[in-house]
Amino acid sequence: MMQEIPLTHILFVSTALFFIGMYGLFTRRNLITMLMSIELMLNSVNINFVAFNKYLFPDNLEGLFFTLFIITIAAAEAAVAIAIIINLYRSHHSIDVEDATEMKY
Amino acid sequence: MSNYLYILWIPLLPLVTFVLLGLFGRKYLSGIAGLLGTASLFTSTILSFVAAKQYFFEDGKVNGVFQKIVALKYTWLEFSPNLSIDLGIIVDPISVMMLVVVTSVSLMVHVFSLGYMKGEERFATYYAFLSLFTFSMLGLILSSNIFQVYMFWELVGVSSFLLISYYFNKPSAVAASKKAFIVTRFADLGFLIGILILGYYGGSMDIGLLIERFTSSSSTQFISITSASFLGASMLTWGLTLIFVGGAGKSAMFPLHIWLPDAMEGPTPVSALIHAATMVVAGVYLVARMFPVFSMSEAALNIVTYVGAASALFAAIIACTQTDIKRVLAYSTMSQIGYMMFALGISKNGGEGGLGYMASLFHLFTHAFFKSLLFLGAGAVIHMVHSNEMKDMGGLRKLMPVTHIAFLIACLAIAGIPPFAGFFSKEEILTAAFHENKIIYGIALFTAALTSYYMFRLYFNIFWSKETTISHHGEGPWVMKLPLIILAACAVGVGFVPFSQFVTADGKPLVTHIDWVFSIAPVVLSVLAILLAARFYKNENDKSDKVVAGFGGLYTAAYKKFYVDEVYLFITKKIIFPFIGQPIAWADKNMVDGFMQLLATITAKIALLIKGLQSGKVQNYALFFFGGVVALSILFIYIWK
Amino acid sequence: MNYTILLHLRQELMLAALIFLLLFIKLGKERSNESILNFINIGLLVNLGAGFCCHETGELFNGMFNTNTIIVFEKNLLNLAALIISMQSYAWLKNNDNMIEFYLLTFTSLLGMFFMISSGNLLMFYLGLEMSTIPLAAAANFDLTKRKSSEAAMKLILSSAFSSGILLLGISFLYGTTGTLNFSIITAHINGNPLQLFAFILLVTGFAFKISAVPFHLWTADVYEGSPVAVTSFLSVISKAAVLFTLVNILYKVFTPLAHTWYLILVVLAAATILIGNLFALRQDNFKRFLAFSSIAQVGFILIGISSSSQAGTASLIYFVLIYIFSNLAAFGVVSVVSALTGKEKISDFKGFYKTNPMLSWVLTIALFSLAGVPPTAGFFGKLFLMMAGAAKGNYGIIIFAALNMVISFYYYLSVVKAIFMDENPHPIQKIAVPTVSKIAMYLCVIGIIATGLLSMVYDYIHSISFGL
Amino acid sequence: MMNLTLLILIPLLTAVLILLAKGLQQIRVIGLTGAFAQLGLTGWLLKSFLAERAAGNNATYLFESNQTWFKALNINYHIGIDGIALAMILLTSVIVVAGILVSWSMDKLSKEYFFLLVLLSMGAYGFFISLDLFTLFFFLEVAVIPKFLLIGIWGSGDRTKSAMKLALMLMAGSALVMVGLFGIYYNIQSFDIVQITQQGIPVGVQKFFFPFAFLGFGVFAALFPFHTWVPDGHASAPTAASMFLAGISMKLGGYGCLRIAALMPDAAHTYSWIIILLATIAIIYGAFATMMQTDLKYINAYSSISHCGFVILGIGMMNKTSINGAVIQMVSHGLMTALFFAAIGMIYSRTHTRIVAQLGGLLKAMPFISTVFVIAGLCSLGLPGFSGFVAEMTVFMGSWQNPDGAYRLATVLSGASIVVTAVYILRATGRAIMGPISAEHALLADASWNEKLAAVLLIAGILLIGLAPFLINHLIMPSTDAIMVQMSKVIVAK
């Protein structure tokens, strides 16, 4: 029976994932990629929830439920976001975030 | 003693006249303005003579001493329980004497003006202002409260301002009126502070109380004011000196005299009234009023003495050189007032030593008549030749005999030739000076000689000298001659009034006797001076010019009035305006206001500086977001935990 | 079965019903926009009325959803705002083919806010939050053809997704440290260890993003400028208000143990927000952008009020939001009418506005004065009470700071007034025929602006129903 | 017994009616009627006030009425007047009538113009009757915005800039006031002046918050160095607005300062030397700055700075006489400066210039206006018989009671300003009113009936105070006594 991975490891992974996502959001110019990086962040949060639930509070399932909802809403968010991006493409003929900086100061 | 209450009407009547003429004069009353003014003033004059008679001959004296009677007292403005401005009427020898002088001279001037100002556009306004002045002057005389004196003091000043600037289209007149008002205002500041000092320490502003408290050397007030001192002088000296400064301003004492000559821009009757007989002696009156207190401070009295003497001499010298006849008269007025001042200065409070006091007021009394006579005479002359300059005159004695005689009498009077009025009063002054202070006596003597010299220089230049070019006769209507005649009569007669019986420092009659031996010196000097004047000016010659050349620099200096005006101009135009006024105005625009502006500018600058935050790049926004998170975390997890 | 569920949920249910009705109408045959608009407005009115009957306290779904007098009142405020907005955008929507979609989106987000306000559970709260945000992102893009509109929508969706990511991280840690999502239980488990604090701060930043507090505000101006005026006003008034209400609920009820921490956080945020908001508002020429920054500054004042953590704090917040609805919507109303009929949105276009449109000018002026806080408008009282609540803590530094900033804010509000009344303009905006419905809305706002302040019973009522720490 | 709220309701009614009215004729008639109604009301108020006092009612504030406004915050609509407030109210009503009369022919946006005038006056009335600091503050700010609009819309010269400057500086002032009031509120839990007076404020609190409140009101009263809104504001404003500004609005500041000093006597004593310093600077500095001005309105504006300095000086000296003087000076200056601005406005509307150098000899063409001008001038240089003399002398007297050397110096310096005043007044008069008149000015018309009426009204006030100061003294003495009682509490304590 292999001994189980300690919580900290998992938290480390999730945190790493989160910051990778954030890094992607900050650096990538492509809107779709940025959206994906955000999904990464959300997923890292999911990992958190599941891990906490599994390790610390196994007797109830709030964490898992929360994960489900996050996934759903992420989907919805993505749908709207992509719709907007498509519309942006119609008007700007590009999905580079740098091209959509008309409004500033 | 309310049986003097009718005195209230003496100032009130002119006031009523002023209000009537001021409101309706231009439209409705312009025709009868002169008569109205004269009539009301005539009534006042009668009343004041009645008052004089009642006071001096009936009930003024209580067991041989003239009383100070407060006929009316009404609290007008209460500052604090014991400090208040009371409007009151004080009846005592000097106030009654002044009443007589002011009303009668003013009446003469009113009458004279009927002819002199005939046909003026603002005739009604002129009489309104005359009435205003008379009212203020009478109020000043009757004041029983030192702050009341100050109020009327100011009113007198403003009415003089209005009358000098009567010809308001003439820039010179406007300038003169401004000068007169501002210079006297400056002096009044001293007066005001003096009042504040006396009032603070005296715990009252009622003249009677003040005198009572400051003359009893045991009273707490006296001790407190003498013990408190500033820059080495006791507060009493300060207070009195400052009050004297006010007086000096009004009475054109050196160095505050510069306004008086210019004030001659006003109509000549006005000069006769205000700048010869009444307002300019207000300073003397003020000192006389407060004399008991003055007598408690040696220093203050010395200041009075020396300023008076200096002015007397200074003015006399200048008078010898002027060519504008009114200016000559103006300077002679200044010098005569100097006489009165030092006479007060050397006097003691009552007793034999009180001779100076009596003499001074006596001279004030006589001077009022002959000096106003001189001015009115000059007025008549100017009315004829339409010029103030000596060179335009000469040989007028045939054309205007009445004026000529009157003028001559006045000149003799001021020169102190017996039996004319001036002789007696001047004699007293010289006697007092001789007993008290030899230096002053010397100055006085010399001044007397100068006086008679320049007066006759004037006289000869007007009436003799070269033959006149003017052919037409006529001295103007009887309303102009009558006052001359009356005043001439006074100039002869008033000298015989037993003045010392009535007006003395302590109210006790004073026995005086003319010491003929003593009076030889001044009279002889005067006569010599007159002869000199006659030799120079009786008929055209160049002797005077030679002498002038002989004096050289001194003459020009005197002719230029010793450059006092220039000094004043320098101080105001070259120092106050550019070095105080303009810098302040500049600072207000650029520093104070500029600072406020600066705040606005800085804010705008910052706003412009940080606009980069809003870069428009959504990724930067996210970055700032994260930065915020990190900052908050550090701040609140590690620092403000 | 019992009907309390209907009672407690009545506002949400009615709104949902409205949404479904609209869907059916959309599917059904064509109708004239006017009739539908009127129908919608009446529906909103009914919903508003429904809010005022039978206030009661209660909870559903074992504590996930709870309601009480003040929550109902807050929802009413949101309803009122929605009604006013829909009336004001009449001119804009009248000839718009996608009018119904607009309402679908906005109502959905409104529904989300209702749930968020009543949430008694982090999950519920998160659902409500997202439900209120995502439709608005779509709505921001409502002018499909406008470049700015899509840019705005993009910025909104991306940054809000990012912020919800942060928020979720916070929630997850919170869950990790307390082991529950239920507010009533969380409080007991809060012990302020660093991870928890960190989680809390992440949570707060999520809120700060929504109410656009500095430095989480940067999206605001761009989104406001890009999106259609109606959506802008929805964003600036309703969503902000909803989040603020929730924030107060959570701070006061849940994070009581951390009161000291969040007091400081709020003060810091408030100071930064007021200053930055003012400084940026100074330089704006686009009216919507200008109002965006001014509203940021307003939030700063609100935060001061909240920081007091007293009954007066809550009261002044709700009171100010009420006033803010009136004044801000009055301003937006004028702007929306002008932009809908002339397409002009610049402040410089409004020069000489008074000569041509005195009525609109006065409405706008009064609104601006109210925003600036000048008596006798209600804004004066609102701002003053917020600061009075804040001052109660005895932290006068922030009060002085705010007072000085008020002067800056006066400058930019007055310069708009200056443009309207004083500046010369050869070609002012021509006379505008305002639709009656919008007129009514504007008058409603003006009356509100004047009455809310002077009639003290409004505040006293709010104060009586509000709660402290 | 009467209800002071009428003082607010009448202007309110007038304003509403003006909004409903059609055409200049109607509007101005309504405005004038309202103003006169208010004047009558205040006259009646005075009568009943004196009657009450005569009946032996020695309460500090008469006609008190106290309604709860914001119950939860203990904010009350508490009104009532003492002699000082009453004097201010009378001043206001007179100036309002005069102001409406001089703007009789204002045809540009007349409805808004008169509306704003009336609104401004309403603010002033409310301010003077309130005994609750919150209400006080409310009305204080109500009175600001109308000024901004009046100057900005109807003004002359660089109107928008001066309007903005004025509004911002006044708002900054009221922001300071607000901080001060909060300070009081959170230590006394009340805004009620009476209550605060009874309870007294902890010394520490006073020391910290007095500067805010006092300086805040000081900005309104043109306290150096916060006076810079005064010149530009007055110069750009239309005639009536300048009259209101200098005649009423600056008095709000002075009145506020007085109340604050009475509420926080300890702090007032501590800081009095600063107050006196600033006041003295304002007096001298204002006077000299005036001397350099060339524009009639600027001359009067700067002289206002100098004259309002006396108000602050009187308050700072903190004794009965000086405070009396401060109050009288407020009233006197209000009337005098309003008269001055009215005269300047009349001249400007005819000659279209206010530059002294371009005028001259107006006395010939327009004797009435010139006389008014001269009277205003003489009043401002403190000639006996006019109100200025009474006021300034009372202030001097009061401040001289203060034996401290530095205070004496301050008194003497401020006294010196009357000389400078004489200089600039006479320079202006001598140049503009006297001297030769230019051809194109020679044919100008004199004042019309409304202008005459306005001038006469103001002059009557000036003369009333100047000739019978015991009347106003009698009115305000009891109130100053009450204030002195508050202040003296401390002096004893020290």
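Residue numbering begins at 1 within each chain, and the chains themselves are lettered A, B, C and D in the order written.
Heads up, the rule we're going with is that contacts are C-beta pairs under 8 Å (C-beta built on N, C-alpha and C of every residue); 3 or more make two chains touch, one makes a residue touch a chain.
Here the structure is a predicted model, which means the values were calculated and not measured.
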Response to the item:
Joint neighbours (subunit A and subunit B) are C
Worksheet item: Which chain maximises the distance between its CA centroid and that of subunit C?
Response: B
Worksheet entry | Between the pairs A-C and B-C, the one where more C-beta pairs touch | A-C
Response to the item:
Note: subunit C sits from subunit A at a C-alpha centroid distance in Å of 27
Worksheet item: How far is the middle of subunit B from the middle of subunit C, if each middle is the mean of its Cα atoms, in Å?
Response: 78
Worksheet entry | Chain centre separation in whole Å, for subunit D relative to subunit B (CA means) | 37
Response to the item:
Taking each chain's centre as the mean of its CA atoms, subunit A sits from subunit D at a distance in Å of 66
Worksheet entry | Per-residue multi-chain contacts in subunit A, two or more chains | 22, 25, 34, 97, 100-105
Response to the item:
Flagged in subunit D as touching 2+ other chains are 168
Item to complete: Among the residues of subunit B, pick out those that touch two or more other chains and give their numbers.
Response: 600, 611, 614, 616, 618, 622, 626
Worksheet item: Of all possible chain pairs, which ones touch?
Response: A-B, A-C, B-C, B-D, C-D
Response to the item:
Within the complex, subunit C is touched by subunit D residues 68-73, 75, 138-139, 141-142, 144-145, 148-149, 152-153, 159-160, 163-164, 167-168, 171-172, 175-176, 178-179, 182-183, 185-186, 212
Worksheet item: Within the complex, which stretch of subunit B touches subunit C?
Response: 600, 603-604, 606-608, 610-611, 613-614, 616, 618, 620-622, 624-629, 632-633, 635-637, 640-641
Worksheet, complete the sentence: The residues of subunit D that touch subunit B in their complex are 165, 168-169, 224-225, 227-228, 231, 285, 288-289, 291-293, 320-321, 324, 361, 363-364, 367, 378, 381, 383-385, 389-390, 393-394, 396-398, 400-401, 411-412, 415-416, 418-419, 422-423, 426-427, 430, 433-437, 469-470, 473
Worksheet, complete the sentence: Note: in the complex, subunit C contacts subunit B through residues 154-155, 158-159, 162-163, 166, 194, 197-198, 201-202, 204-205, 208-209, 215-216, 218-219, 221-222, 261, 264-265, 268, 276, 279-280, 282-283, 408, 411
Practice prompt. Give every residue of subunit B touching subunit A within the complex, in rising order.
Written response: 611-612, 614-619, 622-623, 626
